[in-house]
Amino acid sequence: MSDPIESELTSLIENSPYLSWLGLEIVSIELDKIHVRARWRSDWVANPTIGQTQGGILAALVDFAADFSLFTRVRRPLPTIDLRIDYHRMAKKGSLLAEGSVVKYGSRISVAEARVTTEDGELVASGRGTFLTQDLG
Amino acid sequence: MSDPIESELTSLIENSPYLSWLGLEIVSIELDKIHVRARWRSDWVANPTIGQTQGGILAALVDFAADFSLFTRVRRPLPTIDLRIDYHRMAKKGSLLAEGSVVKYGSRISVAEARVTTEDGELVASGRGTFLTQDLG
Amino acid sequence: MSDPIESELTSLIENSPYLSWLGLEIVSIELDKIHVRARWRSDWVANPTIGQTQGGILAALVDFAADFSLFTRVRRPLPTIDLRIDYHRMAKKGSLLAEGSVVKYGSRISVAEARVTTEDGELVASGRGTFLTQDLG
Amino acid sequence: MSDPIESELTSLIENSPYLSWLGLEIVSIELDKIHVRARWRSDWVANPTIGQTQGGILAALVDFAADFSLFTRVRRPLPTIDLRIDYHRMAKKGSLLAEGSVVKYGSRISVAEARVTTEDGELVASGRGTFLTQDLG
């Protein structure tokens, strides 16, 4: 935990009620890339018969991973302008991994993408978001 | 609660861990349209200093309202193929309303849209999803 | 043609090689809404056996109609940040109508949507775009 | 031109009024990937003062490159269900390159993405589309 970016991010997750609820922990970080794990919880289940994780959880993971790939540059979470998520297969019970990476860093607007997989590496969702880079201050 | 579609939907929400966690209740239903309320909970908060609701919650509401506007035709939840969400303004602490409506009902693929507002009627997010109409059975 | 917004738009279309090629003419304009017709040309055809209009033409119409619904407020074309198009049915040979309307006008970023129909009123595509409202000057 | 996939694609482009108008030629093809060049033409220009290529052209290139990365598997163009395009910077006068690659090949629905660059390698647009894999026959 000597990496300052990782410490900043961990503390941001710990202070966020929603990100804590999502059970996020950082797997690795490098410039323009982030890899996180989200610990499965029973609240994620859309339908108890099928047991699949609800799409809003996958959307939150795409949003988080895309946004935080940009954190490696700007050191703050950026407001999401819009988000697109493609659902590739049902996410069954189990923790999930999300990898985010920057598509285009811009001084006003940036685009980043993310992939969400099971712990076995199966792709369950992917997508991209547009973020407001410019500081509103 | 004499409306059978409303009873089916209410029971579907009650049996779904995630939809119950989201605190959904039906405000009104008519063909191709649904209006729901989601009860605010502190787990929704992205950042405790600002207090705003995390974007994944708004994505889940767009997904739910769009999908369930189609429920009025097909009487089952449809798999989401993809989703697009536009974030218009920060959603501060408070319950949210979501209205879903059908854009195009198709025998294989359908498109529906949704708007998420505060209880005061301020638009916080909107979007649309593509759903697999065809029964996989 | 006494309406100054309509004159400005007509001259903008006439001066634009691409918009002229698209055969655009304004049907009606009001605040936050625009209705245009695009004259079919044989170059639009994706596949001569089927005769359908290529998706890029429909994307251009969604982009134009969404963007120019905002023109009624800002009196200049806005840069498109991103675009989403849903294709609902094949667009056969024939001119097309596009209606654009504002979803959210913002001082920095705006969202607008559009529907593309045949002259008989059949919905062939719809979508939305995000636009940079802020003047870059 | 001994590669049969390349011959099929070249003949498909030559027979398509719109794809011919776009000036497409294949640079390279491999499984799940395609790289094409589109020859600039003055009809592409949105605004003669600025000289930039209109967004509908970039959308058509994203659609084509994404769709035809799937052609390497299915040997036919697939119907586009929906498309998302991010515009990263203005495309000035000049031919464009588009690279498409498969994100997820599915038996019913597939997702593919594309990047559009100038001949100098500057990223001007990127995006992804959802395609109907299933034969409608």
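Per-chain numbering from 1; labels A, B, C and D assigned in written order.
FYI, contacts are C-beta pairs under 8 Å (C-beta built on N, C-alpha and C of every residue); 3 or more make two chains touch, one makes a residue touch a chain.
Given the structure is predicted, the values throughout are model-derived calculations rather than measurements.
Taking C-D and B-D together, the pair of chains sharing more C-beta contacts is C-D. Checking A-B, A-D or A-C against B-C, more than half of the residue-numbered contact pairs recur only at A-D.
When you average the Cα atoms of each chain and compare centres, the chain farthest from chain A turns out to be C. Chain B and chain D, compared by their mean Cα positions, are separated by 34 Å. One finds 21 Å separating the Cα centroids of chain C and chain D.
Residue positions of chain D touching 2 or more other chains, listed in rising order: 81-82, 84, 86, 111, 130. By the touch criterion stated above, chain A contacts chain B in their complex at residues 15-19, 21-22, 42-48, 54-57, 59-61, 63-64, 77, 79-87, 90, 127. Those residues of chain D lying in contact with chain A across their complex are 84, 86, 88, 103-104, 106, 111, 123, 126, 128, 130.
Those residues of chain C whose C-beta lies close enough to touch chain A in the complex are 81-82, 84, 108-109, 111, 130, 132.
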